[in-house]
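Working notes for the structure below.
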Amino acid sequence: MFRAILFTQWKWGRLLLLMATLAGFAIPLLSVQGLNTTYGNFYVVMSLQAFGIAYPLLAASAGLLLSLSAWTSDHRGRHVYALSLPVARWRYVLLRYQAGLLLLLLPILGIWLGAILATRFTHIPAGLHPYAAALALRFALSAALAYTAFFAISSGTPKTAGIVLGIAATLVAIQVLASAAGSDFNLLRPVFDRLFVWPGPFEIFTGRWMLLDV
Amino acid sequence: MQSRLGMARCGIQGLVVLVLLAAGARCGWGQDVASIRRRIAQLEQMKMELNAAADSHAALEGARRLAVLDSLSVGPLRLLAPHQSIDFARRVGEAAWTALRGRLEDSVAMVLHQRRFVLIPEDPADSTQTKAQGYATLGTVLVVPGNRPASLTALEIIVPVYGDLWRTLDPSMREWLSGPVTPTLDTVAVSSSNYLELVTSGSPVARGCYQGRMEDCEEALGLVRPADPAMAWYSVEGRRELVGRLGQVLRTGVTREVFTRCVVQHVDADCVALLHQDEALVPPPLSGSLRASYLLTALKLGETGSLARLLGSSEEASVARRLELTAGTSLSTLTARWHSAVLAMRLNPIQLTASTAGASVVWMAGLLLLATRSSRWR
Amino acid sequence: MSNAIETKDLTYRAGKSFLLDHLNLRVPVGAIYGFLGPNGAGKTTTIRLLLGLLKPESGAIAVLGQPVPSRVREVLAGTGYVPERPHLHLSLTVEESVRFHRAFYPTWDHAWAAEQLRRFGLAPDRLLRQLSKGEMGKVMITLALAQRPELLVLDEPTDGLDPVVRRELLTAMLEYVSDRGATVFISSHLVHELERVCDWVGVLDRGGLVSEMPMQDFKNGIKRLVLAAPPERMDQAPFQVLAREMLESGNEVWVVRGWRPEMLSWVQQQTRGLREVQDLDLEEAFVELLRTARSGSTRDPGRPLATVMV
């Protein structure tokens, strides 16, 4: 049963998985470009830091797209097929989740291998250390979290997704109106704090993502 | 009233100019020079009287305004603020003093005695306010948004204090620092950028410093000047980069070909030759920001009176010796302290703490539970 | 278990406009039950309730002896389902779809499925989204049958298909039923189609069950009587008059239900003007039944419409 589900999810998500894996492989390699060639690596480090934003973005987008691809076909058929199969709903959801999580290993592996190669074939100034495994681990957790969050929303009814989107849209609309009225009232800030500051769900996306300890 | 007096003062000055012009013209027509001089003297007398009146008015106005301001002291920091804003002023003062003391120890009190700050919080929505008028005689006027956090407003105090500190330094110390000490509240950001500079510098002495050789640190900071700085401080690539950076200055007196051979064709001998023209132009490989952090380390290490010792030290002594006096310790101890302070600012490359990872796993479990409980009723 | 499907006062509401009202269905084991009704009558809704895809407002459902929705997994394990619209993952090929589907059914007959697909002429490597409606129907019926179900639920399986494909699908279904003795619950608004294959029929209209009876009764029990003059008294009639209509010729036409040949003498006793007793085909009977049901405004929701006298 799991193999059947895994196969469908692979088929639906293979293109984006391939792209995410390639991107994951390329980002660490690109981020250290110039370490070998440029004197005074300050600007290279700046560019390395600039690449740091690519890791959480890739984790979030890979999680989002993979979760969407896991459910698109079921949504299209209004879940009739899945619900007419002799398997409990929770088990079906769990199987889909596990399959997606397994597939997510590909971009994670891409990041890890890219990071290892980047550090192996780059002249890293003495005293600096690469953190390929830590970077890959953090990417893994972030991508898994993004995948889980979007998976949970996607697995719900259209009403659930509508409520989530509705709340987000209402918050933004209130903020826009308040700003237009010249008010200092900031509604989004506390919401973002709740989401991105510990123990918020997306805290793992924030902070530094560096392959080297610079 | 004061503005009318000011206008009168400007008017008198204009009149004097006109009269001088008229006098010149009349001279041309053969008028009596002595009478013109008398007239000028009269006008100058009038101007002085008016200036005196304006000054006494400003003093009176200052006194009147002083009467409506409350004063407070936070350590050696003296502040004036409207009565209703005194709590805000106290918070600002405490934040400023904490930041200053944290970086400069008590020696900063020397600089602070030169200043008094008038803190006027204003309503950002009210663009018609002119609260700053008339306070200038009382001290450094800071008109700040009343809704800004006290810690941020404190920077308005810290900046001029650092300016004062910079002005009190003698030329040799200023030259070594190569620029004013830039204050910021975000000391982590400054220190982190210092760390980054030390880590990423291509200079062999800077690399040696990073790896823990204190004598290399002293060289890289320019405290010890080698016989041939261009060769000792910089690598081949570093010299080429430095020549490119100093291009316009170094090109004088040399042929364009030498410069091109150095920068474009990478002929190191030409780079060395260019840099040997004027070795004073070759800067220490670590920047002014790192040197400033060294000075601040010395001031902090020297505790009370460190700034006084620095200012009191002879300009004839080397910078290294003066910094030793400032810190009240040996150069090697000071350098070691500075080195460890800079390295302590090593940024965590991957901020993945156990709590973050734990929170992520818990959130994932919760979200997965929600997903598995999703309704089959559609 | 005498009934493969049984509902008791099954009620479901969808918005303000649709109400499935106290539905009492009984589908005997081994029957091929035609579930007739016009578009929008509630056939698909009923099927989705039977398979636990919708949550009933009230009432009870038992399928294959198991209560739904509490034991829907057991029900679905023994049920082959062909929905009204293709529900499969359209991005899979025929072969992939078969592989996916069989993973959920331990009773899957792979040899039969492969043979059936070959007979249907379906290439295994074709994507489902590239299949015609008829080909998709063939895939769905193959999947439903290859899992060897005790109950087959078909929701308008031949709607919009050409007669050849329709015949192929029905043949496959009938072969399976004759082999396995499975129960079939097939919904359609195509009356003629059901007439040939069903042995039971239930008629649904506007969310209410109009009639449920053996097909033979349905076909034979509804007649059109042409009368020159109506009888004086109707209260003792042994049949139900579903509709009365005056013709320009002066004759009166009755559509009656529950007719048996021996009733002819009763009619002749009541009126000498009986001109003709006409057989109605299933479609005519269906239309008359619906017309009669819809004209009844004082219907007791707990009783089939057909019991209301005109």
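When the chains are written out, they are named A, B and C in that same order, and each has its own residue count from 1.
Quick note on the criterion: a contact is a pair of C-beta atoms (placed from the backbone, for glycine too) under 8 Å apart; a residue touches a chain by one contact, two chains touch by 3 or more.
This structure is a prediction, so every number in the text was calculated from the model and none was measured.
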item: Two chains sharing the most contacts, counting C-beta pairs only; value: A-B
item: Reference chain B; chain at largest CA-centroid distance; value: C
item: Distance between the centres, which are taken as Cα means, of chain C and chain A, whole angstrom; value: 50
item: Distance between chain centroids, defined by C-alpha means - chain A, chain B (Å); value: 42
item: Chain B and chain C: spacing of chain centres that average the CA atoms, whole Å; value: 88
item: Contacts with 2+ other chains: residues of chain B; value: 376-378
item: Residue numbers of chain C (touch at least two other chains); value: 52-53
item: Multi-chain contact residues (two or more partners), chain A; value: 83
item: Footprint of chain C on chain B - complex, ascending; value: 376-378
item: Interface residues, chain A side, partner chain C - complex; value: 1, 3-5, 7-8, 11-12, 73, 76-77, 80-81, 83-88
item: In the complex with chain B, residue positions of chain C that touch it; value: 52-55, 69
item: Residue ranges of chain A touching chain B (in the complex, touch as defined); value: 39-42, 44-45, 78-79, 83, 89-90, 93-94, 97, 125-128, 131, 134-135, 137-138, 141-142, 144-145, 148-149, 151-152, 155-157, 160, 182, 184, 198-201, 203-204, 206-214
item: Residues of chain C defined as touching chain A within the complex; value: 51-53, 73-74, 76-77, 81, 83, 86-92, 96, 99-100, 103-105
